[in-house]
Amino acid sequence: MISFVTLLDYLGTFAFAISGIRLASMKRFDWFGAYVVGLVTAIGGGTIRDVLLDATPFWMIQPSYLIWTGIALLFVILFSKYLIRLNNTFFMFDTIGLALFVVVGFEKTLSFGFPYWVAVMMGTATGAAGGVIRDILINEEPLIFRKEIYAMACVIGGLVYALFDFMGFDTTFTQIAAAIGVMATRIIAVKYHICLPVLSSDEDIEKASKDK
Amino acid sequence: MISFVTLLDYLGTFAFAISGIRLASMKRFDWFGAYVVGLVTAIGGGTIRDVLLDATPFWMIQPSYLIWTGIALLFVILFSKYLIRLNNTFFMFDTIGLALFVVVGFEKTLSFGFPYWVAVMMGTATGAAGGVIRDILINEEPLIFRKEIYAMACVIGGLVYALFDFMGFDTTFTQIAAAIGVMATRIIAVKYHICLPVLSSDEDIEKASKDK
Amino acid sequence: MISFVTLLDYLGTFAFAISGIRLASMKRFDWFGAYVVGLVTAIGGGTIRDVLLDATPFWMIQPSYLIWTGIALLFVILFSKYLIRLNNTFFMFDTIGLALFVVVGFEKTLSFGFPYWVAVMMGTATGAAGGVIRDILINEEPLIFRKEIYAMACVIGGLVYALFDFMGFDTTFTQIAAAIGVMATRIIAVKYHICLPVLSSDEDIEKASKDK
C-alpha cells in the first residue's frame, strides 16, 4: 500500500502537470511539447533545488513523475471539453501539491545541513520555480511575478516551518502546520483577491508629472 | 589522427552552432550574442545532462566545442549569402550530430549507473535541449514543441538503444542501430511531413460549441 | 570591520539588483516578482558558475546577497522618483560590480584546477549571465546580445588576468589589472558608443538583392 504522503505527491504532480499541459495547448504545442511543459512544471522546482543542493534529482530515482505526467497528458487529450468545469478541483489538487512540495523542499534542505533561510528559499523554489520555467518555455512573462500570492504562500509556509521547528515542536506537527500555512495563505488570497503591491516604474512617474 | 566519432562530433557541433548563429542573426544580435547562441545550441543539451548526472560539463575538459563554434561564426559572417543553398547539407550535418549526441548521452547516463528510462531522457535532452535554450535566448517559443518530429527521433533512438542493449547485442552494433533510428525517424518525418498531433485547447472547444 | 573587497561586493550586488528591479517594475511585476528578478540578476551568473564547477552556490553560504537585494527593493519603492537622476551613479556601481564579479569568477575557476580558457568563460558568465536570466524572466531578448560591449568587457578582463597570471605577476596586481581591464573597456565603449558588428541575416541579403 502506498502511504498518504505518496498519494499527495501523485495528486500534486498530476495537478502541476495538468496546468503545464493546458497552457501548452493554448500555444498549440504538439503532444510531445505539451508533455515536456507538463513534466517541467511538475519537476522543475525540485530539480533546481536538487542541483543547488548537489543531490541527484529526485525524479531520476523513480519514474512515477514521468508516468503521472503521461496520465495527465492522456487526461487532457481525452477530457479537454470537461476541464473547465474541473477548475476548482484542480485548484485544490494544485494547492495540496504546492503545500507538499514546499514541506518536502524545506525538509530536504535542512537535512543537507543548511540554515532556515536557505530552506525557506528552497521550499519556495520547489513549489514555485516549476511554474516559472513553464512560463519561460511557453514564452510568457512568469505568472507568479504578477498575480496572486502564490510564491508568497510558499515563503509563509517556510517561515511557519522554521518557527515551529525552532520552538522544538514535533516534526510531523511542524510539517502539517507549514502545509496548512501554504494552503490557507493561497486560498484566502484567491478568495479575497489579495495581491502584493505592484512596483510603479519610472515611466509612470514621468507620465504622472507631465499630466500635472 | 582523429577518430571517426570525433569527426562526427565536430560536424554535429558545427551544424548545431550554425543553426543557433543563423537564428541569432535574424534577431540582429551582434557577433558576441550570435557566438553565445551558437555555443549554447551546441553544448546546452550536454551541459544539462552533465549537471543532472553531477559530471563535469564535457566542454570544460577540452576546448574543441568553443573552437568549432568560432569557426561556425566566421563561416556565417563570410558566407552568409550562400547559406540558404547549403540548407540540405546543414540538415544532414545536423541530423548526424543529433544521432551522435543522443547515443553519447545515452551511453554516458548508463555508465553513471542509471536505468534505461533515465538514459532515454538524457539522450533526448543531449540532442534536443540545446535548441530549446537557443529559442529561449532569442525569445521565441521552442520550435521542437510545435514542428517536426525532432525530439521524438531522439526518444526513438534511445528506445532502440535500450532494446538492443537489453537483448545483449554488441555495444558498437547497438550504438549504430540507435543512431540509424534517430536519423531515419527524422529524415522520414521531414520528407513525408509527419507531425505529432497538436493539443486542442479549451478555447477552441468553446469556439466550436458556439459555432453550432 | 568589513574588508574593501566585501564593500565592493555589496556595491555590485546592490547595483545589479537595482537593474533587475527597475526592469521588473516596467513590466508591472509585484514586489515579490521584482525581488526575485533583482536577486537573480545579482546572483544568477555566480550560481551558473558554481553549478558548473560543482561548488555550493556562494549565496547559500551567507545571506548578504538576499539582504542587499531587499535593501535595493526598498530603495526602488521609496525613491523611484529620483532613480533616473542617479543613473550615472548606478552605472559606476554596476561597472565596479561587474569587474569584481569577473575577477572572483576567474579566480574561483582557477582554484578548481581548470585552465585559463575555462576561467575566461566562467568570469564572463559570473559577470554577464545574471543579466541574461533577468531578461529571460521579463520575457525580453537579452540586452547584452545586442547592445554595448558588456560581456566583451568581461572577456577582455579575463584575458588580462590570464596574461598577467601567465607572466608570473603578483596575484593582487593581476586582479587589479583585470578589474581595470573590465572597467576601462566598458566605460570607453559606452562613452564612444563602440558596438560589436551586427550579423546580417539571410533575409537582409535577399531583400538587398531584390532591391537591385
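A, B and C are the chain letters, set down in written order, and residue numbers restart from 1 in every chain.
As a convention for this text, a contact is a pair of C-beta atoms (placed from the backbone, for glycine too) under 8 Å apart; a residue touches a chain by one contact, two chains touch by 3 or more.
Given the structure is predicted, the values throughout are model-derived calculations rather than measurements.
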item	value
Co-neighbours of chain C and chain B - touch as defined	A
Equivalent interface positions on chain A and chain C, same or different at half	different
Chain A on chain B, rotation in degrees - Cα superposition, rounded to nearest 5	120
Rounded Å distance between chain A and chain C, as computed from the means of their C-alpha atoms	29
Chain A: positions in contact with at least two other chains	51, 54, 136, 139
Complex interface listing, chain C residues touching chain B	51-52, 54, 114, 117-118, 121, 132, 136, 139-142, 144-146, 151-152, 195-203, 205
Partner chain A, residues of chain C touching it in the complex	21-22, 24-34, 36-37, 47, 51, 54, 56-57, 60, 63, 66, 76-77, 80-81, 83-84, 136-139
